[in-house]
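Structures given as structure tokens follow.
Both complexes shown next keep chain A, but they swap its partner, so chain B is in the first and chain C is in the second.
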Partner chain A sequence: MQASRARLFKEYKEVQREKVADPDIQLVCDDSNIFKWTALIKGPSETPYDGGVFQLAFSVPEQYPLQPPQVRFLTKIFHPNVHFKTGEICLDILKNAWSPAWTLQSVCRAIIALMAHPEPDSPLNCDSGNLLRSGDIRGYQSMARMYTRLAAMPKKGELVFR
Partner chain B sequence: MQNQDGHVVESGTETITSTKASEIEDWANFRDDDILQQQSAIQAEEAGKIPFVGDKEPLSSLAAEYKSGNPILVEKINVLTEQYAAIRRTRGDGNCFFRSFMFAYLEHILQTQDRAEVDRITANVEQCRKTLLSLGYAEFTFEDFFALFLEQLESVLSGTEASISHDELVQRSRDQSISDYVVMFFRFITSGEIRKRSEFFEPFVQGLTNTSVEQFCKSSVEPMGEESDHVHITALSDALGVPIRIVYLDRSCDDKGSVSVNHHDFTPAACQVTNANSCATQAAKPFINLLYRPGHYDILYPK
Partner chain C sequence: MDSDEQDLYYGSGGDVVSEEEDGYYCNDGDAAGDDEPDRTTFTQETTYTILREEDVKKRAENDIAQVSTLLSVSRGLACHLLCRNNWCLNAVYDQWFADAERSDELPPHQESGEQLCGICFEPFEIEDMVSASCVHSFCAGCWKTYISFSINDGPGCLRLQCPEPKCRAVAGVDMVESMASVDEKQKYYGYLYRSYVECNRNRKWCPASGCEFAVEFKDAGGCESYDVTCDCYYKFCWNCIEESHRPVDCKTVEKWIKKNSSEAENTNWILAYTKPCPKCHRAIEKNQGCNHMTCRSPCKHQFCWVCLGPWEKHTSNSTCNTYRNQSSNINEESRERVKHFLARYTHYYERWDSNDKSKKRALTDLNQARNQHIDTLAQTQGENMAGVQFVIDAWTQIVECRRVLKWSYAYGYYHTSKEKPGKLDFFGYLQGEAEAALERLHYCAEKEMSKYLIADRPLEDFKDFKSKLLQLTAVTGNYFQNLVLALENDLSEVDDETSGTKN
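After this line comes the complex of A and B, so read on.
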């Protein structure tokens, strides 16, 4: 408990220092609880998530950093490795490949990388996974882009169907 | 796993959301987190059966275990008994090599009070810290683990305020908040050494898995619970400059069917190349003796 708190405090200081270095990630600690964090990440360019801003919720266990944080999308996203309803993320480093060498910040970077490189063979969102696996790249991209516009764009009013 | 293969997705429509909701309700609630939780519950149950580090037992307890087992193993245990007096078991949680090394090393220092060795390994640890920094690891991600190991090292030396007894060392090795941190410290050290000398380790890594050295470190060295192989042992021994003897207890025997117990000494690379003289005595007889049975390491005590 004490160890996890100390570690999170170091991460907090590091985040303050790195703010400028990583403009795609805005990681914020809950005012009253250092075990709760949220992050805003920018959808990577040249992906259907480009232009969107996605919110992540972090719940950090007491055994952190020996155990991984629990992370999920709060913003709706259409992606093979993100559960469409719960926002749960299928990413090895959040499960059995976790190590204390990762940080909340680098987890955000890994999630951005996952957005750009979906793994359709281990899908949490089978509809999305099946589109990619069947080679329907356009179908996947248009669905993903639609949800990015619906849910992840700062101004929702400009929704356009083409 | 069920999936929604039945659904034909027409891009651009919004219908999937609503139809999916009711159908997947029951299993949608069963998430990866639940699986992880169930897994750790099983682990916790197993944990109750054997501590991270067990009590010292006479080697006869090992013989009893194989009483009606494979005759080659029974014979090998007989041979072992000539050289070794006791065994200390560790929990088979994937960390057994590192955990065995931790206890065997700290116990050795506690019993020998070898300050020169402590100074030597402390210098190596400092070198490992620099290695990790040069590899791009953020210091705050590993410094707590380093500090905790150095603390344990300090505490097994007598005459300091922090000095501990042998009983206390056993207790600490069973205390997850200390034991796991030291194991993780060794994982960092091992990973740093492998990545620093990735050209040397690459063929060995290739022999184990099909991945790059970096990927191997990320998936098979750094995560807790990942089992150790000769690559890990070589790297840890090299990085810390501590020779390790692994005694193999398996069913192998030669053509004539005569039985001998093989062992392999991992001698730190630095000892072989430079100042061979100072290491010569050390290299000849490693003070860390581990018993390897396929898939598991325990600590052995020579007579």
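After this line comes the complex of A and C, so read on.
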């Protein structure tokens, strides 16, 4: 418990310092609970998620960093490896390939990479996975694009990234 | 088991486990024992080795040392390679020499100054930090919790790697040695030696409950018998891990066991002995003579058992005795057929089950003979241990024969129905002869022996008893040998006779 708190505190300070370094990620810790974090990530360019801003919720276990954090999308997203209803993410580093050298920041980077390179063979969203597996790239992209427009576009005048 | 009974056992176990051991008696299988013709198991040669806990440990360590020396790698990496290749030495070497891109172990990083630990993000002096065989250093505290967490998380700790993502450097047994607590080390080694048995397809645990021995099977190719006798005396089939079932094949055994446990036979019973109420369709068994049936409340429908028509239309003008429609007759026929199948199955099952129970009982008796009776006999009848060994032989034979007899009923169920009647007769004849001989032997060993056990002085006719039991053992052994061979040839002698090749 103490170790996880100390480590999260280090990460918090690091995030404050690195904010400028990675313009695509904005990690925010809950004011009252260091085990709850949210992140805003920018949809990677040249993907149907480009231009969208996606919110992630982190729930950090007491055994962190020996155990991975639980992460899910709060923003609706059409992606083969994200559950359409719950936002649950299927990503190896969040399960058995986790290592304590990962940080919340690097998890965000891994999720951005997953958005750009979906793994249709282990789908949580079967419709999306099937479109890709059957080679219907256009179908997948237009669906993903539509949901990005519907759910992930910052409203006019709203300043998401500081 | 205690050492006494090991010393007294001349069994038919595996071959020599460790050359250093002075194998006088053959519990680990001694060379002298293998020369003797094996009367009890009907097997020709031993193709397996029984491994005790120490043997597993010794052999695993041998393999690790061998890989480590041959490839000039650390003990930790050797362990890792073996685990990854299911403890197959050839696979380790093949993979090692084929994998040109393998990351060679790097010398530890020699620098001084401070560095951030990649896990707790605290600064440490370089010399206080630890790395696996790579350049990624973490502080000793983080390594310890990392290793400890992984060991407590299960056997996955055998594949532990450097915490740096994408780094494939092995955090192996040498790191565990230097960092883990005593308990954790013990746990780690437990997983390691377990994987030695479980991950290799030539090794398995003995399936007997409570037995901790492992078996290594030498797959000689074209080997006919899968029978394994563990040092705990349990006999099992290497192939299907069920109890030994020679002469019946694994497939038949699987079918039979499935059949015995399935609900199908219950369903058949219901079909054969009950009829559904024509109104509410609940299954009804007729257990009284009268054909006027009244279903249980709330249905309370009254009907005739024979024609299933409503009872009120039945009384004045009996509709039942004249032949009406065919469909109900077909129902009756199928009911009879099912009844016949069920009776047939019950016949074989009862005998299979009863021999199974006899076998279990005989196994207890065998152990009792081993642990008590032969001592008592040797004392009261003034014999040495070799002089009363015939009792053990007799009981071993009984257990073995009960087992064969039991499975011969499963064979009978599956293989005699559609065969030519000649085969069925021949099978029945062989089985009957064998069974009768076994009953004589079993009776002699069980009942006639008690007299010599309770005697307080040597009895004159003990020699006669001994020769009788010895003879019965041999005779029964012959009968069962014939039965086993005949069933393994699928009773082909009958074919020969009918086709006239035999006079």
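The rule is simple: the second predicted complex is superposed on the first by the 155 of 162 C-alpha atoms of A that agree within 3 Å, B and C clash if a C-alpha of one lies under 4 Å from a C-alpha of the other, contacts with A are read in each partner's own complex, and residues count from 1 in each chain.
Definition applied: contacts are C-beta pairs under 8 Å (C-beta built on N, C-alpha and C of every residue); 3 or more make two chains touch, one makes a residue touch a chain.
If you're wondering where the values come from, they're calculated on a predicted model, not measured in any experiment.
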Problem set entry | Side-by-side fit of chain B and chain C on chain A, or clash | clash
Exercise. Touching A:Asn130, do we find chain B (first), chain C (second), both, or neither?
Worked result: first
For this session: Mind working out whether A:Ser32 is in touch with chain B, chain C, both or neither, as first, second, both or neither?
Result: neither
Seminar exercise, completed: The chain contacting more residues of chain A, comparing chain B with chain C, is B
For this session: Considering only touches as defined above, state whether A:Met146 meets chain B (first), chain C (second), both or neither.
Result: first
Exercise. Between chain B (first) and chain C (second), which does A:Ser99 come into contact with in this model arrangement: first, second, both, or neither?
Worked result: both
For this session: Could you tell me if A:Thr86 is touching chain B, chain C, both of them or neither one (first, second, both, neither)?
Result: first
Problem set entry | Segment of chain C that clashes with chain B, given the candidates 110-118, 326-334 or 398-406 | 110-118
Problem set entry | Set of chain A residues, in rising order, touched by both chain B and chain C | 3, 6-7, 10-11, 14, 65-66, 96, 99-102
Seminar exercise, completed: In the complex, the residues of chain B that touch chain A are 3-5, 7, 9, 11-12, 16-17, 20-21, 24, 28, 31-33, 36, 137-138, 140-142, 144-145, 177, 180-181, 184, 187-188, 191, 218-219, 222-225
Problem set entry | Partner chain B, residues of chain A touching it in the complex | 3, 6-7, 10-11, 14, 65-66, 70, 83-86, 88, 90, 92, 95-103, 123, 126-127, 130-131, 136, 138-140, 142-143, 146, 161
For this session: Mind listing the chain A positions that touch chain C in their complex?
Result: 3, 6-7, 10-11, 14, 63, 65-66, 93, 96, 99-102, 106
Exercise. In the complex of these two chains, what residues of chain C are touching chain A?
Worked result: 118-122, 136, 138, 142, 145-146, 149, 156, 163-165
